[in-house]
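Okay, so chain A shows up in both of these, paired with chain B first and chain C after.
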Partner chain A sequence: MKPAMKRSNAPIFWGLFGAGGMLAALFGPVLVFVTGIAVPLGIILPADAMSWSHMHAFAQHWAGKGLLFVVVALFMWHAMHRIYHSLHDLGVHAASATRFACYGLAVLATLLAAGALLAVGF
Partner chain B sequence: MNTSDPRRPYVRPMAGWWRRNPYFVEYMVHEATALFVAAYALILLVGLLRLAQGESAWNGWLEALRSPLSVIFHLVLLAAISYHCWTWFRIMPKTMPPLVVGGKRLAPGVITACGVAVAAVCSVAVLAAVWGATR
Partner chain C sequence: MSESHRNGKVIRIEVLRYRPEQDEEPFLQAYEVPFSDDMSVLQGLQYIKDWLDGTLSFRWSCRMAICGSCGMMIDGEPRLACKTFLRDFPAGAVRVEALAHFPVERDLVIRMDDFLAKLESIKPWIIPKEQRSIAQGEYLQTPAQLDVYEQFSSCINCLLCYAACPQYGLNPDFVGPGIMALLHRYNADSRDGAAAERMEIAGSEAGVFNCTAVGYCSEVCPKHVDPANAVNQNKTRAAGDYFLRLARPKGGAK
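And then the complex of A and B:
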């Protein structure tokens, strides 16, 4: 009888890395520009584009909620997977401790984002 | 690792391996963009937490984004994440399955150019959507 092969969990983390990387490549630069440069300085976009009424309504809508959650969670999963493997490249060898720290941070960010979006209400 | 081995075999030192070759330096630089993606995700996460705490907490976060230090940091983020965008699509021909069009394998440069073009379209679409929704 052949022993059952243990299924690898790598494809899940690779998938989250790839999805987050694609999202960051397509939308990362423009999001940084909008939230960190254009709106704070009031250039191109109106300075009140991210006012409480606008953003609260956006975060209460199911579509806005989904977009905000996907951006924060997937950016984090992408970054932490890459940092985990880069630590290995730098000689901090892939062990359960670095793995736990990196993916643990991504899990924490995902849960906090979900909690905040639920607290905003519908 | 082999310090207790009485034969003292030679172990090639690996410290600083990536600094010896410009190809690997670039590899480490594009891997390091992950630090900036993580930093931006954390900034947005703090924003979400402040939004959940109410109007004055949210306004405090907006005020912090207006500080010169924050704007400068976002310019750095913009540069790093734009570099991530470019390297992501530059590597994509190697990470995706071969794409065959008309019996010929699509050239890597075409795939990269398409990726960057789609990113440009997405950027304009987001700017237009935000402008349309908030003006």
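And then the complex of A and C:
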């Protein structure tokens, strides 16, 4: 064991991973149900619940914007952290390369989501 | 040997042998061992050493799951040889190998230098918050304060959790489950004042964040220490330290 211990920066990624996991558990199944089953089949919710105008209005409202942003960004951080560690488990240890690729994608998704939501306007 | 093994039962014990001075690589050697229902795998190995093959090497001492010396892979699972019984292998054969993830010294004996160095590094003793003189009397503790860490103090350093941990297998720098359980045992003790110092190890690159929450360590632990729980609690604490350290006065990680 090395005498001088370097503090790990993992809490940042672990925190985002944890937050994304919590959110995925809370919203994931409901989102699959709403977007994949209820709306397309017109059960419980009206078939036009996800029409362009409805979703556009949703994305323009500050609360809708916030929700879309955290769902997209944190789900992505959660998934990428999991994939990064799974690659390690499978024997892909190009640590800095896989880390860069995984977390880089998460950064990209976060920026794209933020950019798109801002572009939609208020 | 007791006369009970005259009941005619025989089990085939396959041992992964390795004697560095004469073997190029490890190989399996099988022994036919007469046994009775009260015999442990350890007793089976002792029978081999006493009656069949004196060159077989393995560690043991207490024979009662206290000393932590007899950890080995038994049919692929990390277990204590003295706590595992030959009667539980009805197929009539059992395979015994040195603990996974450790360098083999000889036969079933592994080198534990890595573990011992880590153990020393966490200062596994109580470093009192405030020194008391003899006249001031004992360091008192309530039953509730004892409850917080007691389970973690049951660790016998058997290393089964290390053989169970895939992350330790991939990266031996990881402090690992058993050491985290012991680190937590002292940090959670109301009489101790050195938690901040030990958290430097828990929060380091060799620390808790190497864990991917597999949980097999706690499953194989023969003393119900639940090392995975210690790792998890310290992930939260290390993350807290990480984000709060800027907001705190220096050295105030209480």
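Throughout what follows, the second predicted complex is superposed on the first by the 114 of 122 C-alpha atoms of A that agree within 3 Å, B and C clash if a C-alpha of one lies under 4 Å from a C-alpha of the other, contacts with A are read in each partner's own complex, and residues count from 1 in each chain.
Assume a residue touches a chain if its C-beta (ideal position, glycine included) is under 8 Å from a C-beta of that chain, and two chains touch if they have at least 3 such contacts.
Just so it is clear, the model here is predicted, and its values are computed rather than measured.
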Checklist line | Greater chain A contact set [chain C / chain B] | finding: B
Next item on the list: Please indicate which partner A:111 is in contact with in the superposed arrangement: first for chain B, second for chain C, both, or neither.
Entry: neither
Next item on the list: Considering only touches as defined above, state whether A:26 meets chain B (first), chain C (second), both or neither.
Entry: first
Notebook entry, point to check: If you stack the two complexes on chain A, which partner ends up touching A:71: first (chain B), second (chain C), both, or neither?
Noted result: first
Next item on the list: For A:10, decide between first (touching chain B), second (touching chain C), both and neither.
Entry: second
Check: Between chain B (first) and chain C (second), which does A:88 come into contact with in this model arrangement: first, second, both, or neither?
Finding: second
Margin query: Output the chain A positions appearing in both contact lists, the one against chain B and the one against chain C.
Written below: 85, 89
Next item on the list: Flag every residue of chain C that touches chain A in the complex, lowest number first.
Entry: 114, 117-118, 121, 166, 170, 173, 175, 200-201, 203-207, 209, 212, 235, 238-239, 242-243
Notebook entry, point to check: For chain B, which residues are in contact with chain A within the complex?
Noted result: 14-15, 18, 28, 31-32, 34-35, 37-38, 40-45, 47-49, 51-52, 55, 58-59, 62, 65-66, 70-71, 73-75, 77-78, 81-82, 84-85, 88-89, 115, 118-119, 122-123, 126-127, 130-131, 133-135
Margin query: Which stretch or stretches of chain A touch chain C in the complex?
Written below: 1-2, 5-12, 14-15, 85, 88-89, 93
Note to self: Quick check: in the complex, which residue numbers of chain A touch chain B?
What the structure shows: 20-22, 24-37, 39-41, 44-46, 48-52, 54-56, 59, 68, 71-72, 75-76, 78-80, 82-83, 85-86, 89, 91, 109, 112-113, 115-117, 119-120
